[in-house]
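Input: a single structure, listed below in structure tokens.
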Amino acid sequence: MRPFAYVRAADVDEAVRAVAGEPGAKFLGGGTNLVDLMREGIERPATVVDVTALPLAAVDDLPDGGLRIGALVRNSALAADPRVHARYPMVSQALLAGASPQLRNMATVGGNLLQRTRCPYFYDAAAACNKREPGAGCDALGGFTRGHAILGVSESCIAAHPSDLCVALAALDAVVEVRGVGGTRRIPMAEFHRLPGDTPHVETALAPDELVTAVELPAVPVAARSRYRKVRDRASYAFALVSVAAALEVRDGVVADVRLALGGVGAKPWRARAAEELLAGGPADEDAFARAAEAELEPATVRPGNAFKTRLARATIVATLRELSG
Amino acid sequence: MGVTQIRMKVNGVTESLDVEPWASLLDTLRERLGLTGTKKGCDQGACGACTVLADGVRINACLALAVQYDGSEITTVEGVDHPLQQAFVRHDGFQCGYCTPGQICSAIGMLAEHAAGMPSAVGASGLTEDEIRERMSGNLCRCGAYNGILDAIKEVL
Amino acid sequence: MSTEVAEAGRAEAVRQVGRPADRFDAPEKVTGRAKYAAEFPYPDLAYAALVHSTVARGRITALDAGAARAVRGVIEVLTHENAPKMRPLSRLNLGSFVKGTNVDYLGTDQVHWNGQPIAVVVAETPEAARHAASLVRVTYEELPAKLDFAAEEPHAVPQKGNAIMRSAADKGDAHAALAAAPVKVDLRFTTPPQNHNAIEPHATTAFWQGDRLTVHDTTQSIAFLRKHLAMRFGVPERNVRVLAPFVGGGFGGKGMVWAGTLLAVLAARATGRPVRLALTRESVYHTVGGRTPTVQRVALGADRDGRLTALIHTSVARSGGMPGQVTAASRHLYAAETVHLRQSLVDLDLLPPTAMRAPGEAIGTFALEAAVDELAWELGVDPIELRMRNEPERDPLTGRAFSHRMLREAYALGAERFGWRERDPRPGAMRDGRWLVGMGVATAYHPSLIMPAAATVRLGADGTVLVRCGLHEIGVGAATAQAQIAADALGVPLESVRVEVGDSDLPAGPMAGGSAQTASAAAGVLAACDKLKRQVLALAGPPLRGRKPEEVQARDGGLHVGGSGMTYAEILAGAGRDHVEAAVKAGWARFLARTARDGRRWVRAASGAQFCEVRVDADTGEVRVSRWLGVFDVGRVVNAKTAASQLRGGIVMGIGLALSEQTLVDPRTGRVVNPSLAEYHVPVHADIPRIDVHYLDDPDPTTPLGLLGVGEVGITGVAAAVANAVRHATGRRVLDLPITLDKLL
């Protein structure tokens, strides 16, 4: 790892100032992604600002029945929160499907939002990668793409967003609260992560000095009946090939409310709006689920290594909705 | 970019150390404090061999910077005295033994998590075999001693 | 090893051998006291890190280590321009047998594979070494390289065989018989490259004092490593000491001498400091060979009753390293009228492969046993029944006797315990909610081998016994097993036996490979115990004086004839001796002669029946192994506990082979794309069900103590049993490992 200066911030403003004043400075949460990437030489910050001592580790009720989750709440603590369990089971399930218990004990909500792709060519400094080095090319194209995205990709980058939590957050229209030297902003989840386009190195809407301070979950009654289904290459401790966050309310055989988002297939956590629109107000049956899934996956760009993901995503969407409608 | 002084209580002993910020907790334990019981299997957060308890919570010491644990209480296998250890022996919960310290620390952390109400992806009510398997899935054992580990943990429930 | 000793050992082996004794080293392992190669402290220790090439084939035209040298704490950057030269390999030296590759590390500007070590940084801290290594800038003149196994496979050349590993066989005209067969299958299988991924990465701590070298290393072959280092560094063998009291798993990956070991020793010599080189996980992938990929064809012809008329098994694997025996099981398992077996190899510009747990057999049994299962489907015959119809009485190719063959018993017991009868034979017929349930079987088979081993046994005046043998404690319970054997041979309690292992100063043990360590060492230990008893008897007064060794029994801590006898303590006290020691040497000439002789007399192997139940998600194709039972014929079992663990361990690795493991080598660059435990999927706890292991526990009559080896047979047949269960659950035959869900969608 490249040597760096370490600063432990005592309050939010100090943290923000410390990063703003230092080009190439980085916030440090649980370290489970940043330390790994620094050791690989992929991230090379000159200053690391540890934010884990900031008072942002609480989960608070919002007046409308939603929740405000501090950016430093550990993944395990959030998964265990009874309110999350009751109101947003998909969030709890997504967290528990991610990484390992040890990593979840370390990982923070803020860090989870900003974790970087697991594209193996991104991890190998000897490979060409536009995300690491804009303009260098992309070795994943024509390479092994089993883990890569099929939705929202570009010719510059086909990396998948690796987070499980973010898929559930996307389904729930979460809002990310961030603080920079210029003040506080609220960014809807749908705008938080950016598609690669021809600037795959720009991954989020955050300015470099902006700290994620909280994530707000609005009240989403349908989410009380929700599910996160993750499909992967082993039974645990693996990233998603495909995952589905779904909430469904069926009244008299008709879809009264639905939320659907996908992981493992998108260049960013993928809210399946096309599918939701087709489903809403329609029949809650196998055919409708399949049509909705197909509509969502219609624009997929596949390669030999990840072509199976359309079929897998379709099957997983249908199975998850079937389970919720049953 | 000099060193930072930190204080940690390691296995009950207070240690004052000058560490470079980029030194991991794992390397600090192994190379500075000579506590080589905690193992390095990947340095990538992907095997669990480096599992230690930080203030009673299991973490992967390879992805932890030592500076971040200033003021913490760290327990490594050398500081563990738990019936699990004998249970591992009885049920042959290892072969080469390299993943074992991590398995033991992880299991201790896991039992505490379960007692505190931490759920898992399995979602069963008690610590069923499937629950234990899922909750221990952050610790790889290439020798394949998983059956023995499971039995050892069940013995101490 | 005389048969008398084997007989005597057998008669006495009633108390400790077979018992599920706890491992001797267990207390050290559960408290963190067990020390592995990277854990020995030295004052003034320096740390090394490797720089790897980023091209597959070429010449280094410039290497700029300026930035690396400028890192604080860097002591030296060794490259081909400044490193001391190592001596070349010598064909006459036995140490050459364990060369991992032919590359002269840091002695050449040539690059032979992507990831080859091309520089070593030595620094005061591990962090500084690793960071500096990332700053070394290299330019290459690139040369064309052959990197794509699939593309080169048609250009394979025949593999050379030898007396122990044969690579071709013919009996009759198998092609004609296949063409004429009324029922046949003809399938093409592929298996991917894999890596051992022992959880302990390779590590070496090396320390020179003048011309004397001490090395703590993660090795499965202490004695060979010593020879190899003496040869490469030009010092007498006695000047080299290799220590490896504990090794954190090997599976074949620590059998050869790889770059890390050599370069740690070289760096220690160049810097005059003790040097530790603990490889990163990535460096292990770049410098330590793995399992070869294969393409295999298995074609079976049968009459309508299922009797095999033709068996064709051909394989293409990669050259280099240890040639595997991909078609070994096909030589011995079925009474086919005609047989055609061929193994061939392709040359690639990649890191050479090496032995990985049951090299050849693990993947060869996948193809053979999946094809046999497919034939059972074709015939509409139960797959166990089909195997029984083709179970030979004698070795099908040579007509030699089997030293031991209990596959009928294994299948019968397995079928009963597993509930095979409840299997609805129709594909997809067994369903449990979203899960399609399937059951499959396959035969496990691994040739058994006994290698030379030296040992000494020393009896103290207090009746305690010290066994010394340079064994490898890689997780097999080596010391415990030999203590059990010695305890019985000498008639002493287990507690009074101590075993020293893991040190090249000890009598040279066998290498930990070929499932041969325990049986080989047992031969040495038994012979030494036998010799010791004769020596003790010669010292004894009445009532033992003048008795012949054959008349005397070792039990109750002494020697006895009928009702009377003396304790060892009494005998030694009477003779005024404080100890008696017996030694046996390892004779390579004798080993080769015996192996050749035995090979002409018997076909000897461990075998078994693997039973597997899988659940396949009807929507997503996710496969979960839900039950496992293995019934094994491994001859006599020395330690019921550790043997079961080894067999289970083999099955667990086999489940990985079947479902998830694969080293991705980019055919454009020759680079390993997933050099990480996060991206190379070895099974986790949640992947592994209860694994029932049963032994037939019947000693082989032709080996010392009747042992056949347990280290590798467990993994054989596993991938086929899984594939066959998946076939039953889904109706789909997957021919390409691993059986990932995309192949079932």
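Here the chain labels run A, B and C in written order, and each chain numbers its own residues starting at 1.
Convention: contacts are C-beta pairs under 8 Å (C-beta built on N, C-alpha and C of every residue); 3 or more make two chains touch, one makes a residue touch a chain.
The chain lineup, named per UniProt: A = Molybdopterin dehydrogenase; C = Carbon monoxide dehydrogenase.
From a predicted model like this one, the values you see are computed outputs, not experimental measurements.
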- Using the touch definition from the top, list the chains contacting both chain A and chain C. B
- Message: Please tell me whether B-C or A-B has the greater number of C-beta pairs in contact.
- Response: B-C
- chain A and chain C: spacing of chain centres that average the CA atoms, whole Å: 42
- Query: Whole-Å distance, chain A centre to chain B centre, using C-alpha means?
  - Reply: 27
- In chain A, residues with contacts to at least two other chains: 1-3, 39, 235-237
- Note on the structure: Expected list for chain B, residues touching two or more other chains, is 20, 22, 43-46, 133-134, 137, 139
- Item | In chain C, residues with contacts to at least two other chains | 127, 131, 676, 678, 683-686
- The answer for chain C against chain B in the complex is residues 22-23, 25-36, 38-39, 41, 125-127, 131, 196-201, 246-251, 278, 280-281, 473-477, 641-642, 644-646, 648-653, 676-678, 682-686, 688, 690-691
- In the complex, the residues of chain C that touch chain A are 54, 114, 127, 130-131, 134, 434, 619-622, 624, 659-660, 664, 666, 668-669, 671, 673-674, 676, 678-679, 681, 683-687, 740-742, 745
- chain B residues touching chain A in their complex are 1, 4, 20-22, 24, 43-46, 48, 51, 57-60, 63-65, 67-68, 70, 106, 109-110, 113, 116-121, 133-135, 137-139
- Query: Which chain A residues qualify as touching chain C in the complex?
  - Reply: 1-3, 39, 41, 118, 120-121, 123-127, 139, 142-144, 147, 231, 233-239, 241-242, 308, 311-312, 315-316, 318-319
- Which positions of chain B touch chain C when the two form their complex? 20, 22-23, 27, 30-31, 34-47, 49, 76-78, 80, 85-86, 88-90, 92, 94-101, 104, 129-130, 132-134, 136-137, 139-150
